[in-house]
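The following pair of complexes shares a single chain, chain A, combined with chain B in the former and chain C in the latter.
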Partner chain A sequence: MKQNRRKFIKFAGAAAAALCVAPNVAKAASGGHAAPIMTNPKGLSAKRWAMVIDTTKLNTVEALQPLIDVCHKIHNVPNIDSNQDVKWLWPGSYEETFTEQLNPHLDDAVKGRAYALLCNHCDNPPCVRVCPTKATFKRPDGIVAMDYHRCIGCRYCMAGCPYGSRSFNFSEPREHFTEAELKELDPKFPTRMRGVVEKCNFCVERLAKGERPACVEASKGAMYFGDLSDPESEVRQVLRERFTLRRKPTAGTEPSVYYII
Partner chain B sequence: MHYGGKIIIGLIIFIGLLLSPFAFNMGKAYKQPKLKLPAKEKKCVESLEFMRTKHMQLLDEWRDWALRDGKRVYVNHEGKEFEISLQNTCMDCHKNKADFCDKCHNDAGVSPYCWDCHIQPEGLK
Partner chain C sequence: MLERALKGSPRYYAWIGFLMVIIAIGGAVWINQLMVGLKITGMSRDVSWGFYISQFTYLVGLAASGVMIVLPYYFHKYKPNKHMVIFGEFMAIAACIMCLLFIVVDIGQPQRMLNVILHPTPNSILFWDMIVLNGYLFLNLLCGWVCLEADRMRLPHPKWVKPFIIISIVWAFSIHTVTAFLYQGLPGRHYWLTAILAPASWQARSAPDRPSCCWS
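Right after this comes the complex of A and B.
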């Protein structure tokens, strides 16, 4: 066969076109591969999880303590008696909770309450935006979750969070459990390790099994939990009927934790 | 050769040290570690061969599926369903980390950091 320039260019063009198309053809031919996984049919799901806390019922440190205990117990959160304490749920004063809604002549009853503080699971979470490793991320159901495997402990998220909802493990958390506490750890949930940040996870592991968050169950009806996108949900009903505040609305983070005042 | 003797002695010592592990283990046959297999269950999540060679990839995928995708049920090749969880599913049968995981891991000289956070079934001390 006689080679000439025209034939060579034609052949090169055809070969280049085939190289472009071949990988896609191969992919289409294999039909794609779906992962062999599914959600638990018993699990709870929502488009936007939210929590409403009735501070007319739940407003003292003593009343909040059982809720904190159950949360920290099932998530293996140690109690560290210093400013390096790890907190998922904790009490705060009015000034700490509603920094933008202060006035000097506020009702003493409202001002004197203790407020349950936790991660607000914001619609626009600054912690997620600043995380360099995507260790913290927003799930489609609105929960701001963490993958501790991937956290490098840079603490940008702690600087980004306007609510102080995140705690850093300055030391090995397991060393802060007493020997008795080590034996009583919840075997269903991991602990964390030194050098990672942690926070409330809205009990994703319980929601996946069809259970409501532990603090909501322990609150004896003083906390409401449900789907914010469903007008008939428990949280939407209570938000229609009662006056509520959210923390630091001007930060633009759109928290999904509401406080009935 | 300048300093020839010293160089050659040095080389001999170096090669001797380099080969010492081989000499040390010569004639010994490699014995596979004896694992304690679960009593209550005969079949793992996938086949024995798959679990032996690919359990790390499976665990890696399990972690992302459960945490990132929120899908916590795994369907194996026989259609059986499992909760995706190291602590609650794997270690529910493999009741002892020291008798199972550690045996091969120590032998192969790998130290995965699973148990820095996850709690082994025998508990913490």
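Right after this comes the complex of A and C.
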């Protein structure tokens, strides 16, 4: 009799513990729920944001520099002159950009261009897949965003990105600004702390207000930005008319940045 | 039993003193890294993982190789290994603790490391690596401690420990397989982007130099 009661109580305790744990496990497995969002009525929305860069128009480092400057200025990206630099938008050679489309006899014009490189906001992002804390995540509109407060700085995402788009803050970013630059930091966008990874965010803070990304506006028509899933958007129209390449297509990441060659 | 580690000959004290000096130097450098940032490591965007992670990988293999000492007694009933089992387990504990500490010093925000537990991400292999490494540490602590206590009392090892030891032998293969999986699925590291990486790492980690670290 005693043994049966003990067994029953043990079983009941274990069942109660499992009932408490099970919904949390299920919730964790399903990815959790975000807080409710209040959208700005002026904000731009899409099912999958994409960018098309016309490299016949935007193809020198001098032409790219103003775009890089405005991106880094509004996002408070420090200018570090070493291999521990932080970059959201940067120029690359043909060999660096299209590593899978090389041949010994390339067209000189194409080979000599500087290509604008940035995070490709992939549809199948390896960085999101490997992040152990979900600090980097894919938004419903296709943009791969980062939570700098959750990032533990393990740099697994940097190892996963085949495009080198991600930068780690090896040092405190603010120590690379001069006194004057510190006063001019854009207060509308946070500076990051050391020990976290950062990258281009397709200017989500501007999209929420109804503005296009800063580099697209500064490019004066050399960059197109729109909804890839909308057949009538400007990116789909230009993709129908011109031949484009994407970076490292065999990696299977499905990047959202197209280059008109 | 602790007095066996705390009392010894002058040569023993000299050796322990030498090790303490090395630990103090390491501690001072780590505090410098905490204050200044990971820039002192010399890593960059191209070499985003350096000596810290390579040492972590080596020690994962070392921790798993403790199983080579435990296997002969438990699977093949090879009696001479009976009292070396504890040695293998404690070596695995030390190697496991060093693995976890190497991860702690490598990440940019160590005070946030519990985020991996607070926000579990089953699609990330790093999450599973944390689970298997901590599980292996727990298993070895349990088995090693219980067996050592039994030896001190000159009693036979309790029978209930055996299933845990068998689990720890199988678990040892999982820890270095999961660590190899960490590297396998990275499109940014083409040389490792192959399914053969995990079995190839078994071959490397079974190499004689791993368990022989404890023979000396």
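The rule is short, and it goes like this: the second predicted complex is superposed on the first by the 224 of 261 C-alpha atoms of A that agree within 3 Å, B and C clash if a C-alpha of one lies under 4 Å from a C-alpha of the other, contacts with A are read in each partner's own complex, and residues count from 1 in each chain.
As a working rule, contacts are C-beta pairs under 8 Å (C-beta built on N, C-alpha and C of every residue); 3 or more make two chains touch, one makes a residue touch a chain.
Remember, it's a predicted structure, so these values are computed and weren't measured experimentally.
Asker: Put the two structures on top of each other at chain A: do chain B and chain C fit, or clash?
Answerer: fit
Asker: Where does A:113 make contact in the superposed view: on chain B (first), on chain C (second), on both, or on neither?
Answerer: So A:113 meets neither chain B nor chain C here.
Asker: Which holds for A:247: it touches chain B only (first), chain C only (second), both, or neither?
Answerer: Neither: A:247 stays clear of chain B and chain C.
Asker: Once chain A of both complexes is superposed, is A:121 in touch with chain B (first), chain C (second), both, or neither?
Answerer: In the superposition, A:121 contacts neither chain B nor chain C.
Asker: More residues of chain A in touch with chain C or with chain B?
Answerer: Of chain B and chain C, C contacts more residues of chain A.
Asker: With both complexes superposed on chain A, which partner does A:154 reach: first (chain B), second (chain C), both or neither?
Answerer: second
Asker: Output check: A:171 vs chain B and chain C. Expected answer is one of first, second, both, neither. What do you get?
Answerer: In the superposition, A:171 touches chain C alone.
Asker: After lining up the shared chain so the two structures overlap, which partner does A:236 touch, if you call chain B first and chain C second: first, second, both or neither?
Answerer: Neither: A:236 stays clear of chain B and chain C.
Asker: With both complexes overlaid on chain A, what's the closest CA-to-CA approach of chain B to chain C, in Å?
Answerer: Minimum over all C-alpha pairs: 12 Å.
Asker: Share the list of chain A residues that count as touching for chain B in one structure and for chain C in the other.
Answerer: Chain A residues touching both partners: 193.
Asker: Show which residues of chain C lie in contact with chain A when the two form their complex.
Answerer: The touching residues are 36-39, 41, 43-46, 48-49, 103, 106-110, 112-113, 115-116, 119-127, 130, 182, 185-190.
Asker: Within the complex, which stretch of chain A touches chain C?
Answerer: Residues of chain A touching chain C: 28-29, 32, 82-85, 126, 129-135, 150-156, 158-164, 166-172, 193-197, 248, 251-253.
Asker: Hey, which residues of chain A end up touching chain B in the complex?
Answerer: Per the stated touch rule, the residues are 35-40, 43, 76, 137, 139-141, 145, 147-149, 174, 177, 179, 182-183, 185, 187-193, 204, 208.
Asker: Quick check: in the complex, which residue numbers of chain B touch chain A?
Answerer: Its residues touching chain A are 61, 63, 65, 67-77, 83-84, 87-88, 113, 116-119, 121, 123-125.
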